[in-house]
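Across the two complexes that follow, chain A remains constant while its partner is chain B and subsequently chain C.
Let's turn to the complex of A and B:
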């Protein structure tokens, strides 16, 4: 296991994809700081560097999917997985080492983002406004949700029958999770009454607005269902942690770590029986 | 060329990924129509027009066309089919163009499944298009042009990157970027010059809010012209125009998609001729 991990991290250090994605997270941090700084100067917007540190969380799924499918996909295409087995390594160890490297890569790119925001944002916007215990709790939950993503995408890439299938499935899964989370949030954010307007005078632009009951407003049981779906979904967890809704600091890490363990157990089980050809 | 096309089409029709993508696009459109209809049933003022729902399926097309191209063309390198084709005397240009034709046909089939669902379920439930039959037909044709131009972009990426794990990721990330750029540009251009620029009557009470200059508004000038070009020329912007009911010049959009298709095919053919296939 130690040898596999050492080889994995050594490969990670030389991986173009890993450095590209890490550079992307740093570049995104600088870009976000620049945009916020421009808005602060032009419109007097108040900017909290602490809030900026949370914004990358919504993209973590796509970044981890890209990394896992290329890093582990190349492992398959070059025959490295077969060589590892031929040299006496257990399949479970191979799975765990790939999972560790994928999780470490995902977390590292997030840490780079935080450091870049701190280095660029704090001098530009002043000290962090958000209470530090809350910021650390949010970042801790984000790291747990990022680990859940790593568990899911390692499961897909290690279990899929071909590299193309694993790459496509991972990315589509990341997008589908985001779409599902946005749909759940959309339902939960529905107002009880809606303001519908119709133009009554085309020349003066007079519009008559009337409040009416919103047919899309969820019932109590629907609300519970959508909230549960949002809490289970890693993309939903990330959206809540990024500020779209008040997160549950106990439930989110619990859900994320359960998903991490469940997908790892399932993935290791499937990989043990997989025909590697 | 004929043999390559024949083999390509046969392979396409046996691909599960194509049929699953067609089914997903069909379902996406059907669910969107039925969901909107069932919520607005009994509230005539909330019933959406067919125009506002019909082009939802293009969102599926945006991501499924690259995925099918990845499934179709990815194994060409991995299984050695590419080298075998060249070894049997097929010209590189023919190999490229046959793959382009096959992925374009896949794009047309995926798009058609969404459009069929829109007509079969949309017209009876939501009524006919409010823009008129001719403009509706032109807008539907635009959706097909967008799908085919996406197929051309996907083919370039798949044929020029030899590693199927990397090319599959690259082609989907490219679709994601095209969509993100289109979404951003369309939103910037849609921002009105002033906000609160209307008189409101809320439950009988007349309100006249003070108009406020919109800080997101892009004033006429070089930036707006550049954004309008991107909005009209790239598939992401065109897709947003169809979904947001702002496709004012379908003929121009189709011309841009056709130009993009030809450009991608020309670049792909030229670079594929020089590619080292190992």
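Let's turn to the complex of A and C:
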């Protein structure tokens, strides 16, 4: 396993896609800081660098999907996975080493984003407003959710055998997870009552707004269902952690790590039985 | 005889079609084993199974004394280098980087030996050229170089000369011979070109429809394919006595026929036989090529 990790990290250091995605995260951090700085100067908006550090979380799924499908996919397209098996490595070790490298690459990319935001944002916007324990708790949950993404995309890539198929499947899966999470959030963010009209008093000229029950407001059981779907979906976890909803600091890491373990167990099982060409 | 690889009734099914149907073979230690069969006969499937890329549906194999079903088979695989179908190399790396990567995978403590392997396969001057820009022959040699990392005791080469130009074919052949001679590496080379294998193999396994139809040494194959005259007589015993007295090598095939491995003077033989009361009926010159021998083994009806 150590040999595979050494080989894997060595290849990671030479991987164009890894450095491209890492550069992307740094560039995105600088861009976001620049946009916020412009708005702060134009409208006097207060900007919290701590909140900015959370924003990359929503993109982590797509970034991990691209990285995993290309980095691991090369082992299939170039046939080099055969060298690992033929030279006596256990398939479980090969799977775990790829998972470790993918997870490390995803987390490294996020850490680069955080460092860039800190380096650029704090001098521009001042010190972090958000309480540091909360920020660290949110980042810890984001890292757990990012690991869940790594588990899912390593599973897809190691099961698919073809780099093209795994890239397409991974990207579609990442986008589908985001769409599903946004749909759940959309339902959960529905107001209980909606404005249905207004009555104007002819004498005083006062306007009275009339509210009626929102037919799209979910029932209690529907709310529970959508909340559960949001919590188990890594994209939903990321949206909550980025500030779209108040996250459950116990449930989210629990769900994320359970998914990580479940997909790894399933992926390793499939890879172990898989006929390779 | 000591065998590095033995298979016992190995079967591999893909859905409803059988790629291997009870294949039994023996690869002697120190040999160059020519694994001959037409396309789709099951050569690559066997190599994939031995490398651990696929599992057999039934049957077993033994690699360096360990059964394929044994968990410790991975230790035997560490003594194996393989090129399966296409060379397994990272296309975005140079030849040297590919070998370094394989050294890391194998957990070798230093990169010593990489220069020697590159020299051995003739890729020492490729510099910073990435494998994606290599010719097919260079990639094939790089694949073999990767397989040679860790100094394997058994080298499995699946159609190593596929797509190579004549010079490339000669280079690969010489490389295999040198490895076998200088490092005592046992080599299993699969090919559907018997003529090519005949220039290097010490042993042969002929595979057809997923089973070995015959295993033989190079000497046995040479004997089978020797130029000879097939002689038909009324009494093979009398023929044997006559040929013995003339000091001519022969092989009796039946009561009336024999193969004679020498250029014979027909009138001289006829008169010698008639003095023993035997009549010479026919003499047919036979020159069985390797190909025709192979065709006679596997039948010639279904070539792709």
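Observations
The definition used in the following text is that the second predicted complex is superposed on the first by the 261 of 277 C-alpha atoms of A that agree within 3 Å, B and C clash if a C-alpha of one lies under 4 Å from a C-alpha of the other, contacts with A are read in each partner's own complex, and residues count from 1 in each chain.
We take it that a residue touches a chain if its C-beta (ideal position, glycine included) is under 8 Å from a C-beta of that chain, and two chains touch if they have at least 3 such contacts.
From a predicted model like this one, the values you see are computed outputs, not experimental measurements.
Set against each other, chain B and chain C touch different numbers of residues in chain A, with B touching more. Of the two partner chains, chain B and chain C are each touched by A:74.
Legend: residue contacts after superposition of the two complexes on their common chain; A:42 is shown touching chain B, with no touch to chain C. Contact with chain C, but none with chain B, is seen for A:275 once the two complexes are overlaid on the shared chain. After overlaying the two complexes on the shared chain, residue contacts for A:196 are found with chain B alone; chain C is out of touch. Of the two partner chains placed around the shared chain by superposition, neither chain B nor chain C is touched by A:219. Residue contacts after overlaying the shared chain place A:162 against chain B, while chain C stays out of touching range.
When the two structures are aligned on the shared chain, A:3 is found in touch with chain C, with no touch to chain B.
Look at A:127: by the touch rule set out above, it reaches neither chain B nor chain C. Residues 74 of chain A are contacted both by chain B in one complex and by chain C in the other. On chain A, the positions that touch chain B within their shared complex are 42-43, 62, 66, 69-70, 73-74, 76-77, 162-168, 171-172, 175, 195-198, 200-201, 204-212, 215-216.
Residues 48, 51-55, 74-78, 80-82, 84-93, 97, 100-102, 104-107, 146, 150, 156 of chain C touch chain A in their complex.
Residues 39-40, 42-43, 45-46, 63, 67, 70-71, 74-75, 78, 163-166, 168-169, 172-173, 176, 197-203, 215 of chain B are the ones touching chain A in the complex.
Contact residues on chain A toward chain C in their complex (touch as defined above): 2-4, 6-7, 10-11, 14, 16, 74, 78-90, 273, 275-277.
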